[in-house]
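The following pair of complexes shares a single chain, chain A, combined with chain B in the former and chain C in the latter.
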Partner chain A sequence: MTTLSDAPKESFRLSMLIYDSRYRSLTIQFVALLGFMLVVAWLVSNTLQNLEALGKPIDFGFFSEPASYDINQRLIDYNSRDSHLRASFVGLLNTLLVAVMGCALATVMGVVIGVMRLSKNWMLSRIMTVYVELFRNVPVLLWIVFFMAILIETLPPPNAFRGETPSASMWLWDSMAVTNRGIYMPEPLFSRGLGDVSFFGAFNISLELIALVVALIAGFWASGRIKARADRIQEATGDRPTTWYLRLAVVVLPFAVILILLGFHLGYPALKGFNFQGGIHMRNSLIALWLALSFYTAAFIAENVRAGILAVSGGQTEAAEALGLRPNRIMSLVVLPQALRVIIPPLISQYLNLTKNSSLAIAVGYMDITGTLGGITMNQTGRELECVLLLMLVYLIISLSISLVMNWYNKRVKLVER
Partner chain B sequence: MNKSVFFGALAFVGLAAGASAAATLDDVKARGKLNCGVNTGLVGFAAPDANGVWGGFDVALCRAVAAATLGDASAIEFVPLTGKTRFTALASGEIDMLSRNTTWTFSRDVDLKFEFVGVNYYDGQGFMVPKALGVSSAKDLDGATVCIQTGTTTELNLADFFRVNNISYEPVPIETNAEAQQQYLAGACDVYTTDASGLAATRATFEAPGDHVLLPEIISKEPLGPLVRHGDSEWADIVRWSFNAMVSAEELGITSANVEEMASGTNNPEINRILGTEGNLGEMLGLDAEWAKRIILSVGNYGEVFEKNLGEATPIGLARGLNAQWTDGGLLYSPPFR
Partner chain C sequence: MANVSYVRKTMLPEKAPPVTSSGVLGWIRENLFSTPLNVILTLLSAGFAFYVLASILPWIFQSSWTAGSLGECREVIKATYGPDAHGACWAVIRERYLQLIFGFYPAELYWRPILAFVLALVALAPVLFSGLPRQMMRFSAVAPFLVPWLLWGGTFWVPLMVIAGIAVGVIAYNLLSRTVGSLAGIIAAGVLPVLWWIFVTSPLASGLQSIIPLGIEAIPSRSFGGFLLSITIGLVAITASLPIGIVLALGRQSDLLIVKTLCVGFIEFIRGVPLITLLFVASVLLNYFLPPGTDFDIIVRVMIMVTLFASAYMAEVVRGGLAALPSGQYEAADALGLDYWKSQRLIIMPQALKISIPGIVSTFISVFKDTTLVSIIGLLDPLGLSKAIRADVNWNGIVWELYGFIAFVFFIFCFSMSRYSMYLERKLQTGHR
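What follows is the complex of A and B.
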């Protein structure tokens, strides 16, 4: 006779939420979440209530009012009668400009310094060690102010270029003026311009630029087709046709033809009145910020690169040497591609750091979004909370976009297992 | 236990939030110190001396209020503020009053929820250029690079001035007066613009002040004055009448030298009311009878403060001009003490 019986039926009792180890962790998590949400709700309602008491309820209406202040560096048209929204946008573009320039320079410098730090040349590797330690151990704000001070104090003011025997002269066959107000460079001009095309009525992009970019893209596409054809012929016959001149021609010729058709020439800066006029003016606030951010971040990137290279086992290098590859090629063909897997994730956070550090721009009077939206606009309208919240949102979006792009790139280069 | 701590904290924060809304005088008395917002450093208006003691025209007003409320003109925590940080500091309650050459404008008074209690310096925006530049009028400044303190009304006036006169300029925004000075002296900007008094004060600190000129144009009205938060009128009254006491004292001839003598009684009832020997004005303010006497005793009357910090005997060398008493053709005019 079997004595098997059903397991006793479990009935759920409320006390099990605490005494039953299966449910306890859930209960604790639920209570903690509830408490957290209560605290957040209380903070929000407290803020709103206090703002109400101050007579400053949240209101974004000020964005459509005229900003009434001027901004020196504008990538899009702007004057003091435009709205606060447009002023913020001018600031945003300035932030993006210095972030992109900074990331590019920091990457190049970081890779070079990181590789040189591992050099067998004792002198070189020691110098790079000093560089890295010096830059990453001093706050970036000090570097920014320091670079600015150097630019202002050492370079000649524009009126030093004046007179019969000027104490300063222009560089590169009188085409570039380096002053303590920034660098004036020749600008590309078109005597038969095509005009601008307006986007959403908000900003203009010149048709010349679009034409040139289209020509370049088409050129590279055609060049790619020629290469593919050469590959096919090589696979079929074993002979590779010489195509370098064709590939060069399809890129350069259309570009050059368009330049000539548009009447391309350079506009040189010239001393007129108080300042140099004409040409591209790269302000020293931008230069100081750009160099300081790049030099500072490059020190961190160099360490990431060094770590990445050291992570590739020495056997790889030896094997490549055994195949007869030269050191340069070993680095670019064998070591770096594998090191990238290790380098890129920390590189992403360095890019984010650089972008966020660019908010120190006001120290040198560079009008980034912190200087416009979070500076003058906030100060003139007195809408601190709105401006700061929006500013945080903008930086969040920029950072998340950088992460997104870099993560996509990371997925592409990481080790693919088959 | 945990619960009670949480609710305790909640209740405390709630109380703190409620208390900071009113009764600034009680807060100041409880603290034993006045938190006064001043310039980060503008000689003549607010700057620490070699011993770290703050002095200047704006600082004197802080000292006057501290003398009136706490009986000690040195019981002050000076909070140096830039043009950008000053309003947030006042609105958040970090400081009790702001005395930092701040222009009284409609939007600051109404929209930013502040209360300007008076005008202690009638100023206007001017331009300073090196003499060597050979400029004699602000209208000649087409294409010039202009250094300007960001977060001030001067920034807006400048934009309007150049736009209305249809000339161009390159603004170089700067955080503090010291940085502006550095850039201006290095020639990184042709022009420095701010309130004319500030320009004079800045020029006084140069090695060769004679090499720089102030242009004749004054492009704006800049009534500078002390301000407090909206919502505590009693406190605003105290700051307002502390200032008025200094102005009236000059008009009535009360000085730091003769205040003791006058406090023993004069035949001018207004002097007696100010100095507390007649009537109960101090009590109405929530202070004692000798509040104004202490102000005059510790900082002096308006004229004394002006001459000591900005006057023609100082390196800054400003004339009284609009800031003379109304009886001398100026704009200073205190309401009567009665």
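What follows is the complex of A and C.
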């Protein structure tokens, strides 16, 4: 007769923490955590000791002191009597400005170059290969200073536009001046303006801009409704009503009406004194940085686009042809959605790289967040620890939000596909 | 009617294809002028290529190699090629190329960085090309100690003592794992060399040096500059980042929650900030983080930060390779009864690293390109030196020649790296991934 008994209760021995695989992972993790905390504690205590010795306790009070330096390229009002905080904010906006402009241009260029590199035309594809290899294998910092040198050395100075027979002339029917001090473009003006609205007392946004953006969003929303209705009718009856003029009208008409109501006109730059006055002034530093980052990143995006298009197998195109789809429909309905799924993840990381590379603005004197918070503010106040840590935090937040937005989009594309 | 046949009995010889569809003409027709659109594209791109080459080539070749200053250069070019010529003034490269390559390294000691570079290449060769004899790997193991000694100089006892630290670890492992247990052996092998390097190496080396002087002239890091600096930083970051990156990738893939969190946190933090902020940390903050009174070399600080930066990117590349392996490989390794490290070493890593070769090499390339950023914190890499050269009265106003030369050298390095990666990919291609 056998008796059932519980499995022998193993008594816990200390050595089991090491030799028993059930407990070993706990031990390893505990040791890792302990080591990490010890290192952090060591670093923090060193830092505190050093700061104590220097008599510089961690203090963010310097942010409210006047910055007393100028920022010549800015999106919001700023003068040298404003605080360091506002200077940093101007810098942050400049970083975002060049990042957005760069991403847009790099995407357009990258897609065009990537497609051209796949062209059956030998000469075209070779030229694009040379472009890609040239830009990918030379450091971006070198490209930035190189573009800056091109702008300064080859463009005419403002006084070349002067006199009876000027050696340089303005572009686009005398509306745009391209000089070695930057580009002067016409600016939008409103003769019956609505005034500005202030946000948190920190910066002003003109009501005209808000009205136009609202009109555009409403227009696109209405256009989307019309498309949805056309889709429904097509599903139900098989006939698709022609809607393109309606969709165009709901976007363009309200926008145009608001423009006319507000008295929209352009303010042209004009040569006064030694320089151009009026209009929007894009400085060389911004243009050089923008172009260099875009040209450099476009080479990488071109490779991603090429890989994405090559990843869609030829059978897909043939199958779509067999179904009787027209060539442009094949592109937009079959090839592109599948290629996008391959292209978008590396595209996200290229956008991230471009944003991080924009910190090299300091090399050409464009005042982005690195130039303000990590540059002049840090040197003036001597608050290295606070400034550099904040700078890193800002970039971390920017990077993480870009990857969040793009991952969300990526997921959406995936869901539509599968 | 005799013997009339309507069917040919002997084959006709093959006719040559029409001229327009074979040979050079056929190729041109096929690839350049097949459709009207193609014709337009060809003409446009040919025009573009001609325009670019016509503006660059004369500038490159109608140049002056011998002149003492920019003004003299322009006079020479005008005298030689006519008053309209705008040639390059390569004389600046001729005058300053040694400085652009070696920085302020003492001229009579140039043989040392050259020898170090050659030794580094010899050490890399068996790693890069599998056709070479395996015995060369022994030299590759020694080179990491020999090359820094050649570059920085000083007593030969330091690299010897550093190697001795590894020997201490090996001996401790062998002794303790036999007597006490394998775990004690592993711990001792990890801890003892570190203690040896921190506490024993430098007093012992200086003691031995005073007894038996054995050394070469020490060169301070601030004499490093130009491509020597870029290549040194790049080489250190590249060699150190691969192992660190593999460890980080394994940590990120592991089941241990805390280890995984630490690795993810590190990787995402480093990848989320630009390298320039890490260089700021190296140049202004690292002194705050270390015990009061420590003051070590800015170049070593920069190397540490660039290595950390590269490791985070390397970890993501290796993780991509690990994730691309089918899970059957992991399960097969488990089924064979291999433990974690053995299965990683014998089954997983060889395949994962092979998949990630293109990513690894492009990380190498971008690290090497990123070494130019050190010019922003004031180190004299080629870009930093170009500023200094332009500040010279003789060469004030010279731009394109310097940038062109630097870009050319970087292009050669990076382009050959990317070609090597293609070669390796083809060689390791086994038909499936």
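Throughout what follows, the second predicted complex is superposed on the first by the 373 of 418 C-alpha atoms of A that agree within 3 Å, B and C clash if a C-alpha of one lies under 4 Å from a C-alpha of the other, contacts with A are read in each partner's own complex, and residues count from 1 in each chain.
Note that in this section a residue touches a chain if its C-beta (ideal position, glycine included) is under 8 Å from a C-beta of that chain, and two chains touch if they have at least 3 such contacts.
It should be emphasised that the depicted structure is a prediction, and the values quoted were computed from it without experimental measurement.
**Student:** If you stack the two complexes on chain A, which partner ends up touching A:Y184: first (chain B), second (chain C), both, or neither?
**Tutor:** A:Y184 sits against neither chain B nor chain C.
**Student:** Can A:F161 be said to touch chain B (first), chain C (second), both, or neither?
**Tutor:** Neither: A:F161 stays clear of chain B and chain C.
**Student:** Applying the document's definition of touch, where does A:A363 land relative to chain B and chain C: first, second, both, or neither?
**Tutor:** both
**Student:** Looking at A:Y78 after the superposition, I want to know if it touches chain B, chain C, both of them or none. Which is it: first, second, both, neither?
**Tutor:** neither
**Student:** Of the partners chain B and chain C, which touch A:K272 in the superposed model: first, second, both, neither?
**Tutor:** Touch status of A:K272: first partner only.
**Student:** Does the superposition put A:D70 against chain B (first), chain C (second), both, or neither?
**Tutor:** first
**Student:** Is A:E153 in contact with chain B, with chain C, with both, or with neither (first, second, both, neither)?
**Tutor:** both
**Student:** Chain B or chain C: which reaches more residues on chain A?
**Tutor:** Chain A has more residues touched by C than by the other partner.
**Student:** Quick one: classify A:A53 as touching chain B (first), chain C (second), both or neither.
**Tutor:** A:A53 sits against chain B and chain C alike.
**Student:** A:V138 in the overlay: touching chain B, chain C, both, or neither? Say first, second, both or neither.
**Tutor:** Once the two structures are laid over each other on A, A:V138 reaches chain C alone.
**Student:** Intersection of chain A residues contacting chain B with those contacting chain C?
**Tutor:** Residues 46, 50, 53, 149, 153, 362-363, 384, which sit in both footprints.
**Student:** Which chain A residues qualify as touching chain C in the complex?
**Tutor:** For chain A paired with chain C, touching residues are 18-19, 25, 28-30, 32-33, 36, 43, 46-47, 49-51, 53, 119-124, 127, 133-134, 136-142, 145-146, 149, 153, 352, 356-357, 359-360, 362-363, 370, 374, 378, 384-385, 388, 391-392, 395-396, 399-400.
**Student:** In the complex, go through chain A and note every residue touching chain B.
**Tutor:** Those in contact with chain B are residues 42, 46, 50, 53-56, 68-72, 79-81, 149, 152-153, 157-160, 180-181, 272-275, 277, 284-285, 362-363, 365, 367, 371, 375-376, 379-382, 384.
**Student:** Could you list, by residue number, the parts of chain B that touch chain A in their complex?
**Tutor:** Per the touch definition, chain B meets chain A at residues 10, 13, 17, 21, 83-84, 87-88, 91, 107-108, 111-113, 133, 141-145, 150-151, 155-156, 158-160, 162-163, 169-175, 182-183, 186-190, 230-231.
**Student:** Name, in rising order, each residue of chain C that touches chain A in their complex.
**Tutor:** On the chain C side, the touching residues are 31-32, 34, 38, 41-42, 45-46, 48-49, 183, 255-259, 262, 268-269, 271-277, 280-281, 284-285, 287-292, 365, 369-370, 372-373, 375-376, 383, 399-400, 403, 406-407, 410-411, 414-415, 418.
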